[in-house]
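Next up: the structures, one after another.
The same chain A turns up in both complexes below, where it pairs with chain B and then with chain C.
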Partner chain A sequence: MDSALIPKGVKRCPLWQFLLFIGAAGIVLLWGVYAMFLCWFKGLNQTNMNDYYGFALWIWADLAVIAVGGGAFFTGLLRYIFGKDALKNIINYAVLIGFICYSSALLILAIDIGQPLRGWFIFWHANVHSMLTEVAFCLSCYFGVLTIEYIPLILENRQIDKVPFFHHLGHNMHEVMAVFAATGAFLSFFHQGSLGGVAGVLFGRPFAFREGIFIWPWTFFLFTWSAAACGPCFTILVTKITEKVVGKKLVKDYAIELLAKISGWMLLTYTIAKFIDTWYWATVLAPSQGFTLMDFYTNNPLYGIWILITEIAICGLVPAAILMTPKGRKNPVALWIAISLAVAGVCLNRWVMVLQIMAVPVMTFDNWVLYFPSWQEVATTILPVAYGVILIAISYRYLPVFPNEAELNPIEPLPAEEAEEKSVEPPVDLELELKPAEA
Partner chain B sequence: MKEGRTHKKFQKFGMVIDLDKCTGCGSCMVACMAENNVPFRKDESNKLLSITWMRVYKLTNGMPFPKIDVCYLPRPCMQCEGQHEGHSPCVSVCPAIATDYSMESGIVSQIYTRCFGCRYCMASCPYHARYFNWWDPIWPDGMEKYLSPNVSPRMRGVVEKCSFCFHRYQLAKDRAFMEGRPELQEDEYQTACTQACPAGAITFGDLNNPKHTVSKMAEPDPKHSGRPKNPNAFRLLERLGTNPKVYYLSSREWVRRAGDNYLKNEKKVKKPVHHG
Partner chain C sequence: MFPFNFEWIWDMGHVVFMGGLWYALTILGIGMTYCIIKAAIDASKDNGDPHH
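This part shows the complex of A and B:
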């Protein structure tokens, strides 16, 4: 029924199956939307946050999706600025995943503020000294960049592309895409960093506070670095999950392996930097404020030293070692383990840098306070996942997201379709069939 | 800019709380709530959701009977100045300048109509002196008539905190202006908690004015970010560099040590236990 919209040369599941899938994800989405409206209309009393946990699950989700969405800017940087051509096979998907992550982050932020109608104050009454202001500006601008990067892909839909205006618009946007990729990388450097700065500047919270260069604490650089290292792992992870779901190979191995290799080296260098930062914090900075390292990891039922070991060793060194070695990244099981650990590691880091900060007592007569989110918080956090699944499903079905798909999964075109193609195609120099959005 | 042109010596309002005098009666908390229209709910048993601009903590030295010793510690907003003027933990992070540091009075303000409820300031405050309005205030029938007309009640979704009864400062300034006096007398501007304390444990005044009692009691050292020279005085979490304007006095060493974190090898002092 919708075959006219499906890219040429590829096969898609029947429409009813697709709609069933969208419907299932849609139910989860509606659940999240219901919780979202509860929060907007009844207020943040719908959450389990309290005066000790002003930042909680949502801020973690925000930081986590932005970190894993870092694959978009870093892959773009590698493809356009460093000229890694092999990545053209995955760049579309990296952009789509980034678009989903950043739109989700903005949505979560819109739910997370006590007075949603005043959300624009952060731009209008901006405090230039606040890291959150930097986050808001760079995040919004970068979301604009991601939208611009995503539009050419939409314009490549078979039916849209038939309209000459859209066809030329898409073509011209491809031409200037390197400029947007560079802009995106610049903006991402700052907002990924300023998200790290959000925690690092809290000089009243010894667990979070770090020294640094000029106005930027070390966490600023660590966040950018970890997003660049683990974001591509998330892109690979989602690609692999998509391949499993649709039951076909979508991206050539050499593209995945190149991205995995670069990720591995980034992860190794990040882990070393993180280790040095932790060492200095534990031996110099925290003691100068009267704390030992173990003060942050004892006397509570959850936050033990295991969390630090997991983050640095299990989710840092192990995946780095796998991804850096050709044998490791060529082995499908090892690759799955490595990218999963890397993604889990960066999410764990963001958890620690939001929720553990709130949990650690600072005054000597204060106590550890733990928190468990309400169902409304959980539903609104799952909402972006459902939204992402739906957007990926629609994009995959109707847009040429994977340029290698037709080549990797050849199908015999029906004679009728071939005839239609010859009669309908505009006489323009196209080279468009399943061309990557950036070509 | 205006402040810079006047060459006026600014005030720095602060508080000294004598913990040896405090009995933990809670009058300061009650007076504060009544004075500042602090909202409350039917069930206030969850203290993580209660709004208490002034909160009294109970500390013990953790020793068994008969060596046990108790101290009550009232905690208002510390009105932190930070390491350079105005760089308090909360003011520096607020993305919309909804909280500001007054160079004229040294008081950290909260602009309720500007605040959009991101709660970054709460995350930054190590004293837990900032509170979020999780609900809209609902006053028992007839109580609206007893609200202070000088303090605006806060709406759901914004952060609030102790303002050192700033409205009293404004009223006192207005009066002084009308009477043609350039400066306030020490007793003209006093906070509600100071006046309500039956034991006289709280003293309030201008830390920059050597004639004021607070200045004499705490002896703030301007060369060391206001660190007290009085050996019995201390500030909460002095080592973090928040530079608070609330000083505590105690003749008991364990109480003074409870004000900050120390490593074991710095000096062996048993950490106090908090009882609510």
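This part shows the complex of A and C:
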């Protein structure tokens, strides 16, 4: 029924099967939307936030999706600014994943502010002394960049591309994409960093407080670095999951391996920097404020020292070692393990920097207080996942997301394509037939 | 926020923050305007040459 919309040379599942899949994801989406409206209409009392925890679960989800969405800006930087042409096979998908991550992040913020109709206040009545203002500015602008990068992909749909204006618009946008990609990298550097900066400037929270350069604490640079290192791993992870779901190879190995190799080196350098930062904090900074390292990790079931070892060693050094070596990244099982660990590591880092900061007691009369989110928080945190699945499914079905898919999975042409090709052929045949008559 | 708003103060914070925002928005705006106008011109040329 919808074969005229499906890209040329590729095969898709029957429409009923596609709609069934969308329907299943749609039910989860509606659950999240219901929780979202509860938060908007009844207020933030729908969450379990309290005097200890001023951030709901979705703030962790917000920071995590922004970190893993960093694959879009870093892949774009490598492709358009550093000229890594092999990445053209995966850049579309990186942009789509980034678009989903950043639109989800903005949606989460719209829930968090409680009054989304007043969201524009942050632009008009900006507090220029707040790092979160910088985050809001750069996040919104970068979402604009991702939308601009996603539009040419939509315009390449078979039917839309037939309209001359849209055909040329997509072509022109491709031509100047390097300008947009450079702007996106600039914006990403600052908003990724400022999210880390928010934690680093909290001098009342010795677990998070760091020194730094000028107004930027070290956490500013560590957040940007980790997003650039682990974002591409998330792009590879989602690509591999998509390949498993559709049962096809979608991206050539050399593109995946190049991205994995760059991620591996970025991850190694980030892990070394994180280790130095942690060492200095544990031995110099925290003691200068009257704390020892174990004050931040003991006497509770959730935040033991294991969390620090897991983040730096298991989710940092291990995936870096696998991805850096040709043998490691060429082995499918090792690659799966490495990219999964890297993504888990950056999500764990954001968890620590959002929730553990508030769990650690800072006053002598304080206790460790663990946080249990309400179902509304869980539902609104799962909401972006369902939304992402739906948008990926629709984009995969109707847009040429993977340029190598037809080449990697050759098929017989669909009836609609054959009919289309035949409708183009007659003028040429007529011309050839007319020549003898003219002669 | 613009310099003509009552909250505006001519200090480093406002100039850097708001300057950065308007700088980024200007690049995106000019880039998209260029693409749209050029696409309209190219499409109008195509109408005169259907074999493009």
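A few remarks follow.
Going forward, the second predicted complex is superposed on the first by the 414 of 439 C-alpha atoms of A that agree within 3 Å, B and C clash if a C-alpha of one lies under 4 Å from a C-alpha of the other, contacts with A are read in each partner's own complex, and residues count from 1 in each chain.
The criterion applied here is as follows: a residue touches a chain if its C-beta (ideal position, glycine included) is under 8 Å from a C-beta of that chain, and two chains touch if they have at least 3 such contacts.
In this text, all values refer to a predicted model and were calculated from it rather than measured experimentally.
In the superposition on chain A, contact is made by A:His129 with both chain B and chain C. By the touch criterion defined above, A:Val176 reaches chain C but does not reach chain B.
In the superposed pair of complexes, A:Cys141 makes contact with chain C only, with no contact to chain B. In the superposition on chain A, contact of A:Phe186 is made with chain C only, not with chain B. Counting residues of chain A touched by each partner, chain B versus chain C, the larger count belongs to B. Within the superposed three-chain model, A:Phe291 lies in touch with chain B and out of touch with chain C [touch as defined at top].
By the document's definition of touching, of the two partners only chain C reaches A:Pro164; chain B does not.
Chain A uses residues 124-126, 129, 133 to touch chain B in one structure and chain C in the other. Looking at the complex, you find that chain A touches chain C at residues 123-126, 128-129, 133-134, 137-138, 141, 144-145, 148, 164-169, 171-173, 176, 179-180, 183, 186-187, 190. Of all residues in chain A, those touching chain B in their complex are 43-45, 49-55, 112-116, 118-119, 121-122, 124-127, 129-133, 136, 198, 201-206, 287-292, 295, 357-358, 362-367, 369. Residues of chain C touching chain A in their complex: 1, 5, 7, 13-14, 16-18, 20-21, 24-25, 27-28, 31-32, 34-36, 38-40, 42-43, 46-47, 52. Within the complex formed with chain A, the chain B residues making contact are 46, 48-51, 57, 59, 73, 89, 92-98, 114-120, 122-128, 130-136, 155-159, 236-237, 239-242, 257-264, 266, 271-274.
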